[in-house]
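Quick heads-up: structures coming right below.
Each of the next two complexes has subunit A plus one other chain: subunit B in the first, subunit C in the second.
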Partner chain A sequence: MRPRIMALPLLCAAVSSAANTAKPIRYPSPDDMALSADGSRLYVVCGGTDELVAIDRRTKTIAGRVTVGRLPRGVTVSPDGSRIYVANSWSDTVSEIDATSLRLLRNLPAGFEPTGVALDGRGEFLYAANRIGGNISVIDLHSATEARRLVAGRGTSWLTVSADGARVYATHIYPNPGKFRSPPESEITQIDTASRTVVSRLPLHNVAGVFHVAISTDGRLGIAAQMRPKNLIPLAHVEHGWAFGNSLAVFGEDIGGIVQLPLDAIEDYFSLPFGVALAPDQSKAYVSASGSNEVAILDLRRLVAAAKSRDAASLANDLSAAARYVIRRVPVGRNPRSLVLTPDGATLYVANRLDDSIAVLDTARGEVTATIPLGAPAELTAERRGERLFYSSNYAFGNQFGCANCHLDATIDGLSWDLEPDGFGVDIVDNRSLEDIGDTAPYKWNGGNPDLQTECGPRTERFFFRSQGFRGDDLEDLVSFIKSIPLRPNRFRLPDGQLTPAQERGQAIFERTIRKDGTPIPGELQCLVCHSGPYHTSQVLADVGTGKPTDRSPQIDIPHLTNVVYSAPYLHDGSARTLEEIWTVFNPNDKHGVTNDLTKDELNDLIEYLKTL
Partner chain B sequence: MKRISVFALLLAASGLFAEDLPRFRWENFTTAQGLPDNRVYSVAVDGDRVWAGTDNGLALYDHGKWKVFTTADGLAHRAVLSLALDKQTHDLWIGTMGGMSRYSAGRFDTFTQLNSGLANDVVYGLAVQGDFLWVATAAGASRLNTRTGEWSLYNERNTPMYEIWTYGVSAAPDKVYYAVWGGGVLEYDVKTERWKDYNDPDGETEIVLYKDQGLIHEITTSVSYVNGILWAATYFGASRYDGRNWRNFLDKDSGLPSNFLNQVKSIDGTRTWFSTDKGLAYFDGQCWATWRPALDTHAPEMLVRDAQGAVSRVPVDTAPAHHYIFGVDFQGGDVWVATAKGLSHGIRLDTKGTSK
Partner chain C sequence: MSVALATVAAVVAALCGRAHAGEVPVRPFLFTAAPQYEPADGSRASNRFPKGATLILVRETGRRPVAPAFYASADPTVSFDGSRILFSGKTAAGSPWQIWEISAAGGDPRQITRGQTDCTHPLYIPDGRIAYTRASAGGSDIEIADANGASPRRLTYAPGLRITQDVLRDGRILFESDGELYTVYPDGTGVESLRCDHGPSRRDARQVSSGDVIFTADGRLARFTSALASQAEVAQPEGQSAGPIAEVSPGAWVVALRKPHGPFALYLWRLEGRRLEPLQTLPGTNAIQPVLLRPRVPPKQFPSGLVETRTNGNLLCLDARASKTPFAEPVASVQVYTRDDAGAPVLLGRQGLAGDGSFYIQVPADRPLRMELLNAAGRSVRAERGWFWMRPSEQRICVGCHAGPERSPENKVPEILLRSIVPEKLLGTTK
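For the complex of A and B:
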């Protein structure tokens, strides 16, 4: 097990170094929020400091904090208000907290990367959206066990329960698997809480990246924030039009189906819509733009009218449509995420994730009247400054998008893109993971960028943003942030670090030097030669036979394999939908490693090992 | 005389009189009613809904109407050989001639030997066991851990499976059984994670030298494991195994209408249904019944064989769509039957022949 042996001295060095350095600076980074049952408190999940913060709404001060699991992302409150539930995305648990004492009561088991949480109307079953699992854990709160897991969309993240508790709605941030270069397809998964089963999936065509969803109090109208990426045409259209359709999915009985409506306006884009809230009297809707740092106030009746209009089906790509229903766009803090509206509809809370604060928006006046700080350190590190740049859409032409539009929550978007302005369908590229890539140069699938400064500076300016780019200190800050993006926990390794028998057999295949018939495998066709080192890349280019006639060169940068299991699709252009297809479909001549002498079970073993990297 | 009366009382108490055998009114569905094909290989009941796997697509019977799903909807292949319902999630697993699909509330996800760890695209049998899906394929057994996505393959390299043509699978919390076409029965012990095979002690012959000393034949097509009782269907009779003793059933000495069995499905280990090429058969532990269109006249027919072996004919007005039966599933007291010429719904009647 070579990689782990090599990693040990590195780990020791890191521990030794850490002992001599100060504690890393952590920022609260508020994300999801919920009101207490009596409305007196606002509960805020702070993913950066692994805590839940309770805010006294009257005094606008912090009333308490409780440490939860790693990287908490979602929060909900029991119907009786006695319990708070927090999804710990990196601990794969949900913390149950006493709402009065803010004491952690127990941690409940969930799936891989629980992100959003919701309770049924009786407070008996808890639903947790598992982002990596692409499913929803149904947790029995009486027995504290996971009763079942429901299939949901890829990257399942956010849940909302209807006011009567009868339905849970789930969204997902990565598109469901589809054919290569086909329009992305997503869904809103609807769960019946009585039977605890999925009862329908509302199809979202041409959509990848669906965020918060809100349901009207009468249950007849739902609105979800979403993106319509235009990844099938060259990104040259950034300066000609529109790279992402920042939009809403509007659905329910009031609509009679599902309609997509834009939030963008001409040269006034509403980048990376995230949070959604509906006024109790259904007069207004509120949507946060986590890239352009605004909250849009929408006239809900006009929005519904647009959704029911004769031309509704054509409005999704109409940059003039938003003027029909967007009343105002209110500037808020950086990277606004969750929105919470008070029951009287008078106050909207906005989680300014990268300002570590909560904006208090007076809905009657339509402006921010106060900001509640969450106790962020005074010092702003280079990484934090870079993170703000990463999420900002201020650099792209027309402020259309930022890095985070494609690298959702600093990961991937599950899409392949046509980045180059050199013609349709040339050099299609898969969106690669950014986890722990600091030492994996060169960058870009053709290896054309020797360092991240080149990748994120002039090349980003030219190929992505078509406007200004990151330069000087900004560029260094951005690179610092990207280098600081950590590896998510790998769920496929055993807790004790050992390998399962299947993984061990797979490791032997990964490291083999001879074919099954005893003949030697040339070095360049051995897995471990190209995928060597701590990141499982030899950091050079190779022709592994996967080049397409539309690629300018068959030479491909050998990708790092750390957490490769999370980053489908695969190969440089995303043509392999699964790890299996890399070899069952795209390696007919053994140019991408010798695999054609393997039986199906041996290939399965190899894949089980790759999942642990 | 007194002894006979006590015996009769015991039989009556256990419902073992021939007159206690179920009666049905048969309602048949074909392409005329909306099925995509009359050749129905598989059937699965989900509450009030019924799924039918046909030679030309998947069909769902819901609120009196059929809805058809094809490859255009995402189905892996037109020929649907096997179905298994996850009773927790109500997701449907679908085995086809070209891979396996999962239908979940309107969405199809497909697993093939190219895009997943599935051993082979010809999927004859499926069984859900908690978080695991067990699959019988033409190239061995596969197990999918639906929580982790891990596939485990079982074949001649890691089990006593000397034939890899697995045809049927039945899974319970403690054990999993595979019907291996030409290879007998394989047993997987969940606790020990070990495999064991059961074969015909008479070898690969059609001669039954020692009738109750083991599996009746190597060419097994289906298994059913309920309450610790294993039933195996073969092309040469049926076998029952309680963990200690085998009991075999042939058409010549039981109520089986034929030794050619496509499926066996037990309700509780005792009450068991048999899908044969000459009709649908039921065994309640003592007595037998067979339903079919008569082989000669095609008139509706119900044959009964009582505990003493006496065969009688019960007058009936309806029969399943065809005598060639592929499989059954249950809906309360009703039975749904996949046949070579349509899908049949056996609507349970009381013993007087009226609807319940």
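For the complex of A and C:
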């Protein structure tokens, strides 16, 4: 095997702008939460500081901390309360922690980017939702090995176990691969914990981005927070829910199927719904809006009545429907994520991720009565200010969406959009990755924006937000954050920097200058010419024959290929569902590099190499 | 000074100092004093105040006319920083209404608009410009101009009265036309009704901090709230209301109210507890149009993408058959009219609907437009009664021809765009 040169990945999003040599400023960034078995403690996963924090509920103070793996995102507690499990999304492990001593006991292996965790009723098998893997690791806690891996939705991220421990429900952040320009399809994957198999996949039509799911104590009702993107319709304006439908999927025996119900109001959108909690007496439901910074309190009986009403099927697109069941919308901190309700239903905890605090919401009064700080640094860096802007929906018309609605968790959404302002159905564009893009100008698929200030400033407010957007210092802060978005760990590179034989063969194809018949490949048709440099782009436009009749120009910005394996679909319009389709479907004349003399196995090798970039 | 103004001034002087507002800080505030005022006559500038009107500033220390040298003054609005006041003023009985600006601290008013047509109902726009209503031969239009009145631009292009009301916090201009409330962006694009519930005659609207739009509907206060597609009730005192109201706090408004046979007076209305406290009572004179003189949160600015050198706009409808009221027979095509200078309709063209009911057309900009839906035989199934318009280069899209603002689109590629991404030109011969 040969060594290869790897671009140095940025390791932390929260790097201070003060000096490269300064110690990075890290913010706790609370995400998922769980209550201890006796209810005395609240466990909070802090993705920014790689910690699990235990909060004493009575004193509302921090009772302890324990360092876990990189970028932890999910937490659960064993049925007997003795163990805490934390999903370390960048370490591909789950940490097992002693609940009494808060001591790390062991790290369990999981798949690629474990994000959510759940336990079966007996505490024997641990389920970990692997976002990049699109699957669920079933981990035998006795042997500390992965017993099996279950296929779930693309970007599998969050798990909820039913009260009796018999079922695990999984949701996923990206839509499943589908036909070009077809409605996005998602699912709620239901797992039987006795057989440890998938027993159903509840279809969510026209849904992309499904977040937390909650199950009623009797197991007859489930609610998932979700988004209904309007990516197939020209984004000519934002009013009337033209960009996103922030909504719920309501399902289970109480419903008799799946019904999608909106959370938005006509001029006041409930942006990026994330956390869900159900009152034990099934009187109320709670949903956090991680973009518009609020928690909705819903009358659960009225919600069920709406879901079972005759006009239920038409309610998903009715912006006046939420008045039937939303009782109140309570302002909370920035980017509220997970919700945890106490067993008596009296207190709701809200993880204010970008305020580094936990809001304590008195459910009887319907208001926040206390805020628990998690010890954030006093200094607020430009990157952190920009991150707050990135996740905020306060800049779009009616607070309908923010950057993070399309760039979910600062990544992609797996969708193609009709964004072009000058005509309808023109220039369909794939949503591009934001990882480590600071030096990859120009931006936009037609290369029209020379820098991120142009991309995120006037263009965004005029053609996306349709409202006053990021300007001045805000714009600079936002750009600072975007430039700090790091590359996620690449799981396909060997730890020692070597290449596997297949990757080596793929590299040779990528770098070849002659065809298999010995004839030379013109420079502009060699992979390495256009996809050159540290980001594998020459940062110019090229016509590689992938333009469509609906494109105004066949000249396309040559994209960076770093972590390209994670960013399907491909090509400027997202018409290629896989890397292979780039050549087998969309390169009939070898204009996008010479590939038609390659065998299936050779294309597989090429893909294996691209996965390492 | 005119007789009417002298009368008002005398009444004001006599009553100076007696306004109790409890713990809610109402003062300083502005209002219009008018010996004669009927809300039903309030739209057309020339009809509103047949015996004149005087804009009054009320402070803790007393009250005074804002522009004492004027024959008439009305329609106050306050700059976002609370330092300046825009108002409509007539310097003499025979002169037209114009927009004026004066410092809240006093001094000489500065004329903003000019010309021989009435300009009324001014609004501050968050980008620093102003909007107002300018009378026209066919009614009135909304204009927007620089802060000094320079570069006036017309925003509305349809016959009838259009009266500026407020700037919503999302940046849209709220206006009233023919007893209904509409919104338009500050570049004239996106005109549409705020709700589509066909309620009673509405006027004198203002948005409050909750986001609700409070207005009068047949003499009673009512509201549009974000959660509902139809007009909602407002807790209010007995009597006839004349809008707009002024929000003192989320729980207290200044309202203009009159009992039978009396003039309108200003009251502080506390919604919680439903308590009514007199604020300004002028015997024989109406006290209306309350505005608080204090800073307020500016609405959002609107970033226009218009290319004003273009002459047409594009209109995409996702499903012409999507309507809150069912059609009597199947719809097969749409045709679009403008009207000539004499008011006669002029056909611009027709397009057949795609299978999913979508159509995509190009129409002339800055002209009155009206659509009519036809059956397969070309007979009218339904025709719009009102007119709308599109601005140069405007890219407009709608769910259906009568779907209502509460209807969000289903995520689906419109069939008409699968046929062609080039709109069918329905331009007639109109220049």
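Please note the rule applied: the second predicted complex is superposed on the first by the 589 of 613 C-alpha atoms of A that agree within 3 Å, B and C clash if a C-alpha of one lies under 4 Å from a C-alpha of the other, contacts with A are read in each partner's own complex, and residues count from 1 in each chain.
Keep in mind that, in the parts below, contacts are C-beta pairs under 8 Å (C-beta built on N, C-alpha and C of every residue); 3 or more make two chains touch, one makes a residue touch a chain.
No experiment lies behind these values; they were computed from the predicted model shown.
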item: Touched partner set for A:Ala265, first subunit B, second subunit C, both or neither; value: second
item: First, second, both or neither for A:Gly48, with subunit B first and subunit C second; value: neither
item: First, second, both or neither for A:Pro229, with subunit B first and subunit C second; value: second
item: Contacts of A:Pro175 with subunit B and subunit C, given as first, second, both or neither; value: neither
item: First, second, both or neither for A:Ala322, with subunit B first and subunit C second; value: second
item: Touch count on subunit A, higher of subunit B and subunit C; value: C
item: Touching partner for A:Leu150 - first (subunit B), second (subunit C), both, neither; value: first
item: Subunit B and subunit C footprints on subunit A, overlapping residues; value: none
item: Parts of subunit A lying in touch with subunit B, wherever the complex brings them together; value: 111, 133, 147-151, 176-177, 187, 189-190, 195, 197-201, 491-492, 502, 577-578, 580-581, 584-585, 599-601, 603-604, 607-608
item: List of subunit C residues in touch with subunit A within their complex; value: 126, 168, 170-171, 190, 211, 226-229, 300-305, 314, 316, 318, 360, 393, 395-397, 399, 405-414, 417-418, 421, 423
item: Residue ranges of subunit A touching subunit C (in the complex, touch as defined); value: 181, 183-184, 206, 228-234, 236-237, 239-242, 245, 262, 264-268, 317-320, 322-323, 326, 397-398, 421-426, 458, 461-463, 465-469, 550
item: Touching residues (chain side subunit B, partner subunit A) in the complex; value: 88-91, 102, 104-107, 109, 113-117, 119-120, 131, 139, 146-148, 150-153, 155, 157-158
